[in-house]
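Mind looking over this structure? Questions follow.
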């Protein structure tokens, strides 16, 4: 379903949900937005299909979004990621505040998780370029989105490598923290180290400011969707005004 | 009491979901045995490595590391006996110095400090990395980071080393360094299982060849025989290394595949052939 | 006439006092394949970055001397300089989920019309013999397949000068042979090809000239026979056959290839 929507629409929804979660009064408002966000994480995500000119029509890649996951993986990942925040909140605040803030944070996490899974960066770049953005700016934005699944698969490889060096993720708190460091640090270091190389590689592929990139297959932007996006923005603004009044 | 082999795969099968990866694979490695694991992409080599390190469990059959069944142990436990280096291993680096990085493995195993120091010193020495021990891993060129990951595996002082393309990205001098280090360890009884398409390196370092084809063990035998046979190597996308080709072309006795052996055979053949003839 | 030339070039990376390149003069013209050989850290990769106008423009640092480039350098890279860096994984655009899109990434960035993009992409895929991979996800490819995809991506931009840093590092022998044949064919077609490589045994058959770099300086230049010379063998930069011949203390000049050794033997 979300594969046929314009990337800007997906972004608008992913931005509107956390915005509304924070604007609307707790606990009903955030609970509602969380329900919607979690519902979205259960949708099939971007359909496998073409994001470019194809010489052999009908051939499909292995899912067109690197974050695409079958079934309830995104749903579960969102809940798991949000869980530590709830624990933290419970230690610091009373129950009503915990519930309100927890629901809001979980909405954010679920929203981001959904949009990363559902939006192939290539389609986003095509949409941004077609809308007049420079290719470099579009790429930077999209790269941030695609970073998550790339880092996830790299994290898995690092976990395997460290376990084969004797790292045990079990044991007491100190041990678990050390284990976390042995995965998080290499992940960050290797990613940072590669930034320079990747930037250089992009230069070699002609990604220079000033030249207008040819969109290979820009996603169609229907009037209905544009109206819906403006509608969402208006809804958020109205909610804010109502809340502040 | 019979010594159990260092590694034994006993009728092992594995599939990724519905996709079969290995079917009924059996082989064994004794102490100090140096084996090349060859095969095209998708033949199942990486799957074998993951089964041996305990990251995967066989669907049928068993993988034995010494007297340990991998199904009864986690990868971090098997690390006491199996030292492994995967591709992209340099992504695992995170310590402030090369020395600290190599210390990580022995420390994770919970060894005494004196023992850790000894193992680290030994690993750095055999790879001639002592002068770089104080450097930050990311300040080193990629080739040296690759050597660092090998040092990390050596520092575990395992009974079995499992390596995936240990020489890719290395120049000749560094490849020779890796060969020397592996031979030194094998001489102390460490078994080697090496995935490689660098047949010149394999010729220098390894003695036995296992060929996987679409998940099955297609060939198993002395590596020198395999390296001399263009017909057997071609379907694997491989070709005999230069020394083997030279030996065959000049018809050197014994058809040596290692450089040192070829040098001796060539010198001898030259003396025999010409006396003083300037060849 | 396509030509890239370095004249008395010295280069320092940012915040370093020792030069990575010192007084290097080198010229590559269309129609020839020149190989850069040397030990790790000798400066071959840096030289390619300088020749490809990535250093100091993108990388930073300081350059002395002149770098000249003549080619049909119209707007965009068409007919410009194409550079293939080592390590294919970091050269993926990260934005293409099929090999076809990955190869089309460069041409699309140049703003070419879609028909022209398609033509160039199909041609590049055919040259690298990877047309069968065109709907695969690049993230699932092996190192060897990926290296070929990256090379196709640069070739699709139709550069007049091709600079390659260890293009066969991840390839198995069959793949490496195919790439060398391709680079040789591209040179004969008129491109200027400069390759940094440690695959010395392949060079006698494909390299028109060899440049030996040592610690940022040009130690020697010549034909591939350089790799069968005593100095190169002593430095570990000779071909395997030459090295074995020399170690067996047979007479110079040492043969560079098996075929040459067979001729000497008879």
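Here the chain labels run A, B and C in written order, and each chain numbers its own residues starting at 1.
Following the convention adopted for this analysis, a residue touches a chain if its C-beta (ideal position, glycine included) is under 8 Å from a C-beta of that chain, and two chains touch if they have at least 3 such contacts.
These numbers were taken from a predicted model, which means no experiment stands behind them.
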| item | value |
| --- | --- |
| Farthest-lying chain, centroid of Cα atoms versus that of chain B | A |
| A-B against A-C, pair bridged by the larger set of C-beta contacts | A-C |
| Separation of chain B from chain C, taking each centre as the mean of its C-alpha atoms, in whole Å | 29 |
| Inter-centroid spacing, chain B versus chain A (mean Cα positions, whole Å) | 40 |
| Chain centre separation in whole Å, for chain C relative to chain A (CA means) | 38 |
| Residues of chain C whose C-beta touches two or more other chains | 87 |
| Residues of chain B engaged with two or more neighbouring chains | 88 |
| Residues of chain A touching at least two other chains | none |
| Of all residues in chain C, those that touch chain B in their complex | 39-41, 86-87, 89, 142-145, 166, 169-170, 172-175, 177, 198, 200-201, 236-237, 239-241, 243-245, 247-251, 258-259, 261-262, 264-265 |
| Residues of chain A defined as touching chain C within the complex | 51-56, 59-66, 120-122, 125, 135, 139, 142-143, 146, 150, 153, 194, 197-208, 211-216 |
| Chain C residues touching chain A - in the complex, by the definition given at the top | 52, 54, 58-59, 75-77, 82-85, 87, 90-98, 100-101, 104-114, 117-118, 122, 134-137, 139-140, 153-154, 157 |
| In the complex, chain B residues that touch chain C | 41, 87-88, 141-144, 168-174, 197, 199-200, 234, 237-239, 241-243, 245-246, 249-250, 259, 262-264, 266-267, 270, 278-279 |
| Parts of chain B lying in touch with chain A, wherever the complex brings them together | 53-55, 74-76, 78-80, 82, 84, 86, 88-94, 104-106, 108-109, 138, 152-153, 156 |
